[in-house]
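Order as written gives the chain letters A, B, C and D; numbering starts at 1 within each chain.
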Amino acid sequence: MKIAVIGCGSIANSQHIPNYIKNDKVEIKYFCDIIPERANAAVEKYGCGIAVTDYHDILKDDEVEAVSVCTPNNVHPVISMDFLKAGKNVLCEKPAAKTYDEVLQMQKVQHETGKVLNIGVVNRFNSAVQRVKKYIEDGKLGEVYHVYISFRAHRSIPGLGGAFTNKDIAGGGVLIDWGVHYIDLVMYCCGDPQPLTVSGEVFSKLGVDIKNYTYRQMWASEPDCNGVYNVEDSVTALVRTAGPVFTVHGAWAQNIGENETYIDFMGTKGGIRLQYGGGFKVYTSEYDSLVEYEPEFKTEDMYEKEINAFIGCIESGEKLQSHIDTAAITAKIMQAIYDSSEQHREIDLTK
Amino acid sequence: MKIAVIGCGSIANSQHIPNYIKNDKVEIKYFCDIIPERANAAVEKYGCGIAVTDYHDILKDDEVEAVSVCTPNNVHPVISMDFLKAGKNVLCEKPAAKTYDEVLQMQKVQHETGKVLNIGVVNRFNSAVQRVKKYIEDGKLGEVYHVYISFRAHRSIPGLGGAFTNKDIAGGGVLIDWGVHYIDLVMYCCGDPQPLTVSGEVFSKLGVDIKNYTYRQMWASEPDCNGVYNVEDSVTALVRTAGPVFTVHGAWAQNIGENETYIDFMGTKGGIRLQYGGGFKVYTSEYDSLVEYEPEFKTEDMYEKEINAFIGCIESGEKLQSHIDTAAITAKIMQAIYDSSEQHREIDLTK
Amino acid sequence: MKIAVIGCGSIANSQHIPNYIKNDKVEIKYFCDIIPERANAAVEKYGCGIAVTDYHDILKDDEVEAVSVCTPNNVHPVISMDFLKAGKNVLCEKPAAKTYDEVLQMQKVQHETGKVLNIGVVNRFNSAVQRVKKYIEDGKLGEVYHVYISFRAHRSIPGLGGAFTNKDIAGGGVLIDWGVHYIDLVMYCCGDPQPLTVSGEVFSKLGVDIKNYTYRQMWASEPDCNGVYNVEDSVTALVRTAGPVFTVHGAWAQNIGENETYIDFMGTKGGIRLQYGGGFKVYTSEYDSLVEYEPEFKTEDMYEKEINAFIGCIESGEKLQSHIDTAAITAKIMQAIYDSSEQHREIDLTK
Amino acid sequence: MKIAVIGCGSIANSQHIPNYIKNDKVEIKYFCDIIPERANAAVEKYGCGIAVTDYHDILKDDEVEAVSVCTPNNVHPVISMDFLKAGKNVLCEKPAAKTYDEVLQMQKVQHETGKVLNIGVVNRFNSAVQRVKKYIEDGKLGEVYHVYISFRAHRSIPGLGGAFTNKDIAGGGVLIDWGVHYIDLVMYCCGDPQPLTVSGEVFSKLGVDIKNYTYRQMWASEPDCNGVYNVEDSVTALVRTAGPVFTVHGAWAQNIGENETYIDFMGTKGGIRLQYGGGFKVYTSEYDSLVEYEPEFKTEDMYEKEINAFIGCIESGEKLQSHIDTAAITAKIMQAIYDSSEQHREIDLTK
């Protein structure tokens, strides 16, 4: 199967390309990037493919069956929809889009074309997450009635003043960058329940004073004092769903010097605290005893599983857990948090 | 000054009576309890006062200037109002009442009679809490925009099946029992800001199966398997105020084996994590450095300060921080959480 | 800007040369060392410059605007003054000279020529030291009335029997080698206060028996049993200044197996313990609480800052904190300690 | 032997009286205190002796051979001298007197009367101190050339505003209260060498603001906000003697949160760090190895040894290490530190 990679930045080079190369069924035909050096560098580094700067050049190539969209968030929709319409299958990096409206457009095009559109909500392929989902599905926790979602860091704004903190490019801050992963994996574990009401507030307090923002290290890129910072650095929300209630609490930056990045699933029979990116602890009771334990298991590479599942589902026709249909529900929640914050009142999603 | 103690249960014996006895200006004239043994035991133990079983007997005694109301929650309002109308000054244990409507009635009678009505929101006299308030007032944290209020315990329901877990007597569960202290002290630290919107959910999930509830220790009293459990064992809420947003998260019991009982005040310049009943940590930055420290200070007895301040304000006319007027705002928030949970939608308090 | 490096030993190779090379405005035209192999090695290693053995050859080159003097202490003055007189700007390694008299001569030539003469008191460019200075200047410590300066090591004499321990070359032992850094940075933090009285004693007790001196490691060079050891291995002094009193206590070697290398700044409002070469701890009180904390900050390379500041000030005309005028005050104190020790009585510097 | 105890305060009750009672040769005939209750209480508690309020009543009793003077510092001299002149032997608590002049008068009277006059420099009877003295005398440390005397505490002013901090009563602050013990035991270990020069500074910085002085605990008595604080809370000095040089550094209170209460004896062959009130560590080298060890030994009660030695020397005529003649040399040093601080210059004691 011939495929193309659109956008040759960090996520493409660290995850998509290496995992396509590992997959025997796949051959990368195009590396596309608007910066020619990046596309050329990929051709040279991986010893295959053709470098192009305009993705329209690929649309017409009938040999290409699938593409990975690894560009900045703002061009996810247009590129994904163009490829779907050209009859290609698409794996688009997360978040699907900056706004829920755009996600709905993408979903509509997917439905019309019938081609695959998966979103890079890669934690749905995470070994720990998949186990937590099984605990819940098998009723080990009883009814899961409340989930506490904490993605709080002390000083961890990425590339202050760059693409990450510019709303026109990224669509938002910590909620769309980190929160999407947390909320989406909770949705997955809980069976993607429809959201009913959403009340939330986002705060843009510490990053705005770019010059005086103190930090230990900065990932993504160095701060740009002349750059833009118009996204939220922290967020909180209360979400009622057809399943559990979610309490959301996240921060790229806050004046509390603790990193608390975990999810608590509270059920009537048991509970689980999942450390994001790590393992989890089960709390329950049996035979009149309180019990807690940390399952020990082998971790598989979630990106490799995601890529292989994408390729596999093109052939099998199987609908994956990362399908645009499920990603859209997560997007609906995030949009409602932003809307609720703007209006300072709860959003009723049942109307 | 002659005073009376109404209700000679645990809070009276552990705090009110000993601190009245320590206070040189005060003499306890009556110990009142509907259980005669309790009233008699107090007279004998403290070597002073007259034992009575009906508080109406005290109303007419002109010598009595002040009373402590230490009864179950459900009779706080009637007793307090009777004493106010009889011209006595009242210190009523927290919560003021089971519902906000009752609190408003109490407040009305206070305003009409002009006598003192303070509520036992004793954390307003706590040494750590008072310091946190000063940090905030002096602008050390900048704008405090978000407060996270966590009163989560693993298995800590008091007297399962008794007065604490019977809604008719207590008015509610963990929110009215523990939450009142947490929310009220946050209100105090933040200058008692008016609440604007409240969205919350309460859960009654673990205590209801009284027989099968597993626990390490139980305070207040032993479980009564034939008793009533119709209150919440956990709660979450999002509260917008004229000041900061509050995220509330509390549990008497939950299937997460961690006790996380602290409050995070997040400000633009600095933040504070206050351990409930303990000290606090300050996080800030200065001279381009991140700084954190735990102030070391001498702790004064908050109950002693509360009692002395009550007696003192009767003479001075000073309006205390524990006045019914401030306690009423906290009560308004708690009522709105219960209402929001019942209606599964946000309550708008500005209408 | 064309520059020359005089003396191609360890400090030149580890700090001066690499930082000149990093600086875009600078080109190294000469590497000078009386040992031709050293000068040649530098040319080869850095791929630039001309190797010379006699610095007089450089004096006449009009292209050269600045030089670093990285020779042994005894020839600092003559070389620095020759270059100043030749119209060059000079960065001379610390200590400025072996004696205060020589320092005064250097200062006189600087004043007459108007060219830059900075001394390598590099801790004035240290990130922690600069922060401590700010704490003091901003009054955070109140009045700093006493400073305890401890540079005590167990067994740390450098190159026993070599240039470091020969008074004719080095001018002294631990005081002139380590003490200069400690005392000078204290002077910087305290605003370079004029010294008033100095009473001190230096001791030459452990190194003198070269053969029987036991040690763990020896830096600079291996011991030379036929070498000379006529400098002090420990020192103590009491210095009154127009600002705080200094208590000085240092040892290259002592029979106490502790390394205590820190400076205590004692003020009326707060105090700081600065670990030499590391971070610092602030001790203070606020809101009736004792407070202590260790600021966390990013450390910049002090040598790079020193070199860049030297180049920068040649263009800007700015007078740096490492100017001969401030270094001279530190030299005055050190000279007075040696004099006081010789006379076993206090030196009055106000006369 | 009949004896009397003058001053029945804390040091008398905790040490002198119990140890006299343990001693078979001694009978306490008088308990004297200007506060009659104290004297009476002693008679009652110990079941012996006569209570008196005026020590003059005891002077004429021929049966009494010896007295302990346990009064405040300011009346040590007059009482001690009156008893010596009355033919009694005297053990006077430390410090001998507030000033060196008074000590000289006491010494003169001792010489004239020939009766015993010992001072309560009880560390001269301390098991660890006596061992350190032996190490030095036996040459184990070689020449001891420098002693660092550190009695630094963070917040430890006793009875702020009371007798301890009133110069008229106590004579001084941390130097006369703690320093006397440290300096005196160093003098003892080093063979009571004659002081040659003394340069010192005392600081009165933290205690003066009695109301705002923050502390953990306060010994001796609670702070008195209306009391007097006119003594030093910290001190530093450089003392040259016929033996080693002393560097002195002490604080009742300082804004450095460390308690460093030890003495370093630095010798050419070895060194000792003695923890005040505890054990000690020896640092030396042998067979080309660095060696450090902490001797383990049985500790005898130093007060019991002091009392028994006092009684013993009355009979034997032996001159003890705590004789006024040695205590006077320590007093000379302390006086010189105070004088030097007042004049801000070194005192030459050889003139």
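We adopt the following convention: contacts are C-beta pairs under 8 Å (C-beta built on N, C-alpha and C of every residue); 3 or more make two chains touch, one makes a residue touch a chain.
Everything quoted here is computed from the prediction, not taken from an experiment.
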Most remote chain, CA-based centroid, reference being chain C: B
Angular offset of chain A relative to chain C [C-alpha, multiple of 5 degrees]: 105
Cα-centroid distance, chain A relative to chain C, in whole angstrom: 54
Chain B and chain C: spacing of chain centres that average the CA atoms, whole Å: 62
Centre distance in Å when chain C and chain D are each reduced to the mean of their C-alpha atoms: 42
Contacts with two or more other chains, residues of chain C listed in rising order: 288-290, 292, 296-298
Chain D-facing residues of chain C, complex: 141, 143, 145-146, 148, 154-155, 196-197, 199-201, 203, 205-206, 214-216, 234, 236-238, 240, 245, 247, 249, 251, 254-258, 264, 266-271, 273, 281, 283-285, 288-290, 292, 344-346, 348
Chain B residues touching chain C - in the complex, by the definition given at the top: 131, 134-135, 286-293, 295-298
